[in-house]
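Working notes, structure below.
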Amino acid sequence: MQLLQLLLSGIAQGCIYGLIALGFVLIYKATETVSFAQGELMMLGAFAAFAGMSLFGLPFWLAALLAIGAMVAFGVLLELVVIRPILGQPQFSIVMLTIGIGYVARGLITMIPAIGTETHTLAVPYKDEIWKLGELVLNVEQMAIILATAVLCGLLFAMFRYSKLGIAMQASSQNQLAAYYMGIPVKRLNGLVWGLAAAVAAIAGMLLAPITFVHANMGFIGLKAFPAAVVGGFGSLPGAIVGGLVIGIVESLAGFYLPDGFKDTAPYIVVLVMLMVKPNGLFGEKLRKKV
Amino acid sequence: MPPRTREDHKVTDTVLQLLNVESAYGPIKAIRGVSLKVRQGEIATVLGSNGAGKTTILKTISGIIDPRKGSIEFRGQNITAKDPAYIVQQGLSHVPEGREVFPLLSVRDNLLMGAYTRKDRDGVARDIETVFGYFPILKERATQDAGLLSGGQQQMLAISRAIMAAPQLILLDEPSLGLSPKLTKEIFEIVVRINRERGTTILLVEQNANMALNASDYGYVLENGRIVMEDTCERLREKEDIKEFYLGLKDDGVRGERRWKKKKTWR
Amino acid sequence: MSESDILLSAKDLSVRFGGVLAVNKVSFDVRRGEVFTLIGPNGAGKTTVFNLISRIYTPTTGEIVWHGEGSPLPLTQRAPHEIAALGIARTFQNIELFEHATVLHNLLIGRHTHRKTGFWSEVFFTQATRRAEIEAREVAERVIDLLDLQHHRDSMVAGLPYGVRKVVELARALCTEPKLLLLDEPSSGLNVEETADMAFWIQDIQHELGISVLMVEHDMSLVSKVSDRVLAMNMGEALSTGTPREVQSDPRVVEAYLGTVDDVSSLRRAA
Amino acid sequence: QQQGVSKDEIRIGTIQDLSGPLAGFGKQARNGMQLAVDELNEQGSVQGRKLKLYVEDSGYDPKKAVLAAQKLVNQDKIFIMAGHIGTAQNMAAMPVQFEKNVINFFPITAAREMYDPFHKLKYSFAATYYDQIRLALPKMIKDKGAKKVCTIYQDDEFGLEVQRGAEAGLKAAGMELTEKTSYKRGATDFSSQVAKMKAAGCDLVVLGTIIRETIGTVGEARKTGFNPTFLGSSAAYTDLIHKLGGKPMDGIYATMTVQNPYTDEQAQNIRFWANKYKTKFNEDPTVFSVYGYSIIQDFIQAANKAGPNLTTDSFVKAMDGITFEPDMFGSPKMTFSATKRLGNDQSRLSQIVDGKWKVVSDYVAP
Amino acid sequence: MRFIFKTSYAQDISLAKHGGHVFWYSLLGVALIAAPWVLPEYWLAQLTFVLIYGIVGLGLMLLAGFTGQFSIGHAAFLGTGAYTQAVLANMGMPFPLALVAAAALSAAVGVVVGLPALRVKGIYLGIATLAFGFIVEEVFARWESVTGGNSGLHVKSPTLFGTELGSSENFYLVCLIVAVLCTLAILNLLRSPTGRAFVAIRDSEISAQSMGIHLARYKTLSFAISAALAGLGGALYAHKLSFISPDQFNILQSIDLLLLVVIGGLGSVHGAFLGAIFLIAMPQLIALGKDWLPPVIGQAPGLQGLVYGLVLIAFVLFEPLGLYGRWLKIRTWLQLFPFYRRGLFKRQKSFTKSDRLR
């Protein structure tokens, strides 16, 4: 029973990592950059929803939809203003940009008087509800995350596998020059990707809000989602989820059975071991340039 | 059929026109004031030695490089320094130098990306079959990652991809690069066929001048970024310089001289 | 032909990638001082043979033996970086240069196997290091002279035209002072005149520098001009071996590789 | 010539976290200090000198704290460093200050290092977390008849102090910790820690947690039907606990010294002060605002006592034998001497009742 | 424009390419040596930090800029050096000896981290080093008997043969000497086969391998040197701060170091120091600047992060080659003046290709 409950909370926590990792993988697959701003986008999304509910008194669902919409717009704008001008520069520049965007987002939010430095709650309708399954306690907040993660993963997977748009996104990340030659509107697609990533982030932010609260530094949880994405294989969507679950469960069990300090380092130890054994993660394909 | 001349085309209009185009990489000017015309339904070729700027001309046309000066017109529309995606949508496609396939996409997805600007699904499906007909090996490897193909197979894919766009004008940058002699010939046959059957206009850059001059109607000769000669291919083939420098038709005595290179000047 | 004539021998080489049998039971010998050419249609497995020799791939079966100096050495047991030290240098079909370095820098990297200095003497840049550097530079300059690259010495590779890069790659390989040079389509992207230069260079390399050459090439004029022997491959298998003339007249080679019609002016008539 | 003191001005430096994890607290402390400085400057002066506050941002990073201290001490030439936030930050900055004879006055951290080992220039006002828990725990155990005491603490200096305090307190009561678990700063998931404590059958849990972690731990415990007595330190004594955590937070205890200044507080003077603060800074005051405010108040008192010739030496002399009487927020009486550099080690207990902190005990004397 | 007429190969090898170099660098040297006597203490302290971070940056530059291996856990090496130095100095080991030990131990740790680098690339390597950084930080916090755990560790001021080196002036000179030596060593390495091997690995592993470069050895070596330099910097850092605690070596520190090399200009030795100047001066500039802003903004929390981020973004947008790249342009402009042509520095369109295949 104990073990089951631990597994359950591990899975729930793992889905959180997986959900955030989805955002990383989405951006990576479509642009081959690693976005360090994903956590901050999540934070902004949560703040947007919070603003909708607390400042404008909107009902949750409406606020959520508006927040997603706002974040999509924000993502597109972000791409337009800061990422597009250096499109084509080494990917590392863009990684640095995302770090900068993270700083700016945190700074801006912190600067909002009376709100930015505080911690807030998002009054979701299912707050603090639990389901009891015999002795097992199911947390509705966590169930929502599990559900959303599965749905999002499915949708994104289908997009990349079957839609022309999704394939074109991958194409432009693999060889931008050739993508231009094919008439793929690389810039527009990039904007779309960032919009999508911001939407995913907003959803993650709102789902996370009941658990981690809404505050300027909530994005740091993204640092644990990196190992999740890597364990799964960075370019794989299902990998992100599986990686998240692995990390979540290991963390949960390590926290209970191992001495203090292991819970928080466990994900990183797992990721190192993983890279030793399978350098490309669980689902990442082995890639080698053919010469 | 009698040899065609430029005059035959008087009635048909110009598909592509470059006027005084100048492009540079940073401080290095690669082409200096190039003007050329490609007419509807013809195959034009640009000859030139290494580094003459042939690739640069093609890149400038498809918007990969913005020219410093001059203008480019495609089907009566000014496309100077437009976004490459926009230019392709106008009906121009480019087989780039050095293949440039999407290495992690399957061969089929690569072909589909070639048809990105097209809306007619049926036409696309038909054209996939057509190019599979041209290059059966691609059909065999349809699900394999394109990056794992051999060099020549990638070249076939790159050409097929351009055909998939069903364009008005194809820019071909050294299509025979790395192809076997048999396939090289086939490629040119295909090029000519596409030109004749679909009326696709073609601008061809090719090291294999013999092939190029045979397949094309009109030719330009580029040296150091400038066009130094232009004429119908018939006439170009007869020119002594062309024979000597591009077709390799000259006596070994002259060639032999070149072996005694001047010793280095640096130090 | 005596044993000592052979520089490198491949026996029953096979390699499989998933469903593709890229090379299938191929055997051949490269003799000392000869130019040996692999020809074959696209996808025949020529580059794969090169990759097997330079240990980028490991053969599924078969072995490659190096008769450089001393006793024969099975290459399959060597690590990839040891191949260059044995005296085997190569170029790549798709050009693999160090893009963000100058031509000279690329050539000096080619001198790596001849490095004589230790880490600490480099940290302090001792006189010995200085001498070694100048020596490396002299070799590089000789190669630059040979291949007429003076003009490009200090250019970044990234900005060079395709044809020049091909030559730079050859130069880099020469800088390793190899015993065997593997050239993957040296003439692709070169025009007739430049191809003729390439032919002269290859002959110089063979005769003046005494380097054996194993080459993959599609340009039959070049192949006939420089090769001593030719191996034709198809679908991973060896078709025939012999002088260029012999192989070119093999009907199977003509069928699979050369094509039957030889008159290119047919193109014009196709209209 | 005394640095930082001129004919008509005293320069006070402070380093706050304005961009890091504690930006909220840092800002409130700064506001509190600013309020006190402004009040003084409007109403009068210290021996004819106005106060000037120099604020630097450390982002809760010791390296930046050193750089900031260097700027304040060597560039802005402050007279005194007051209310510097963070333990490691203080530890790193103090040598810079002491080299220039600049006093570290009432840093906002309840670590023992702020007065121990002794240094002439160290003054601390906050009952340490160690003492808070050490003194409160035995009383709690007796009141609740607890049998098994556990602790969950943040894996840093702060959390360790709480945990050590708990161990010391238990020793006094002749007991031992049944279970101890920790988490890393910024953690959001406490399920396995709670499961561990639940499995150990704890009936009293000492919380070495701050805000979100307190809520997270208690919330998780309530959900899984684990309901021991919770005792937190003054770090958990903030109105955010019940504002964010809501109903499940009811009933937890925390040690504290100054009362949270609710704007609808019963006591009129606190209410008046709180509203003044709110008008000025457009946000509700918190205990950190009170800390900042009190630090400046206390400084003013000491500086006045030092007389017209204000120097580091005269200030240190003035602090000898000084007494700070309890203020309206209910801080304990503080005394200092040439060797006693911690004002008071006592604290009170508060409990959340109906969504609000209520003081439930007087100062617990050892 | 300066034309240099070269007369021997040796000239190409020498560090100073022409008289101008000699002149300017001598001038810089004189200024740096004179600094303790002319600069106010505050600025001297800043300069000391710049030197320390310059050393660390040099290490990361070698790894990221020249070998192409990005490390997001470099603070771990910094920490290893700092703790080694602290522990040894507190035990009374002479300063130079402790310094060497700190560098050596960090190098050893670097080799360990380098091991995954042999198998993984790009983002995977980044995350591996990130993970390693977290683990090392945890070790600092847990190994209380040595590191003092989260309470941190006080570092005695350095002494050499009974002389105090701890004063700001003396310690500045110590840092200056170490920085100059490190820079020379790196410059020497970069102009010899080892440095070229690093660059080769960065540009193409496959062809580096076929040129006979032992990838594993050189990657490990690069990690080791990089870590050793970070360790040296860490040792100096420990003395300069005289108090170290685990959270000084966290992920944010690592990211700062990355920013340092990127803003300085990847792939240039100058860049390491320019980046260090940026890293140290930026917060100070913001602090100075905010007094000029209206208090609503100037006093707002978060301003520092905001400005920091904005500057970073501006840098990447307008000067992807970093400070050094900007300097090169200014220099060329000055040399060409008045013949500067527009478009000379116009950024070319460029196109990315998959990094996954390398």
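Some observations on this one:
All chains are identified by letter, namely A, B, C, D and E, in their written order; residue positions are counted from 1 within each chain.
As a working rule, a contact is a pair of C-beta atoms (placed from the backbone, for glycine too) under 8 Å apart; a residue touches a chain by one contact, two chains touch by 3 or more.
Since this is a predicted model, take the numbers as computed values, not measurements.
In terms of the stated touch criterion, the partners common to subunit C and subunit E are A, B, listed by label. The set of chains in contact with subunit C as well as subunit D comprises A, E.
Averaging C-alpha coordinates per chain and comparing to subunit A, the farthest chain turns out to be C. When you average the Cα atoms of each chain and compare centres, the chain farthest from subunit E turns out to be B.
Inter-chain contacts peak for the pair A-E, counting C-beta pairs in contact.
Per-chain CA centroids place subunit A at a distance of 48 Å from subunit C.
Separating the centre of subunit A from that of subunit D, both taken as means of CA atoms, is a distance of 36 Å. In terms of their C-alpha centroids, the spacing between subunit B and subunit D amounts to 75 Å.
In subunit B, the residues touching two or more other chains are 25, 64, 103-104, 147-149.
The multi-chain contact residues of subunit E, meaning those touching 2 or more other chains, are 141, 206, 301-305, 349, 351, 354, 356-357.
Taken residue by residue, subunit C touches two or more other chains at 47, 56, 92-94, 96, 141, whereas all remaining positions touch fewer. Looking at which chains touch one another, you get A-B, A-C, A-D, A-E, B-C, B-E, C-E, D-E. Contacts from subunit E toward subunit C in the complex involve residues 9-10, 12-13, 185, 188-189, 191-197, 199-200, 202-204, 206-215, 221, 267. Across the complex, subunit B is touched by residues 6-7, 341, 343-346, 348-349, 351, 354, 356-357 of subunit E. Against subunit E, the residues of subunit C that register as touching in their complex are 54, 56, 79-85, 89-90, 92, 96-101, 105, 108-113, 115, 117, 119, 122-125, 129-130, 133-134, 136-138, 141, 172, 176.
Of all residues in subunit B, those touching subunit C in their complex are 1, 25, 28, 47, 49-51, 55, 97-99, 137, 144, 148-153, 155-156, 174, 177-186, 188-189, 192-193, 196, 207, 209-211, 214-215, 245-248, 255, 258-259, 261, 263-266.
In the complex of the two chains, the subunit B residues touching subunit A come out as 62-64, 83-85, 87-89, 93-94, 96, 100-105, 109-110, 112-114, 116-117, 147-149, 161, 165.
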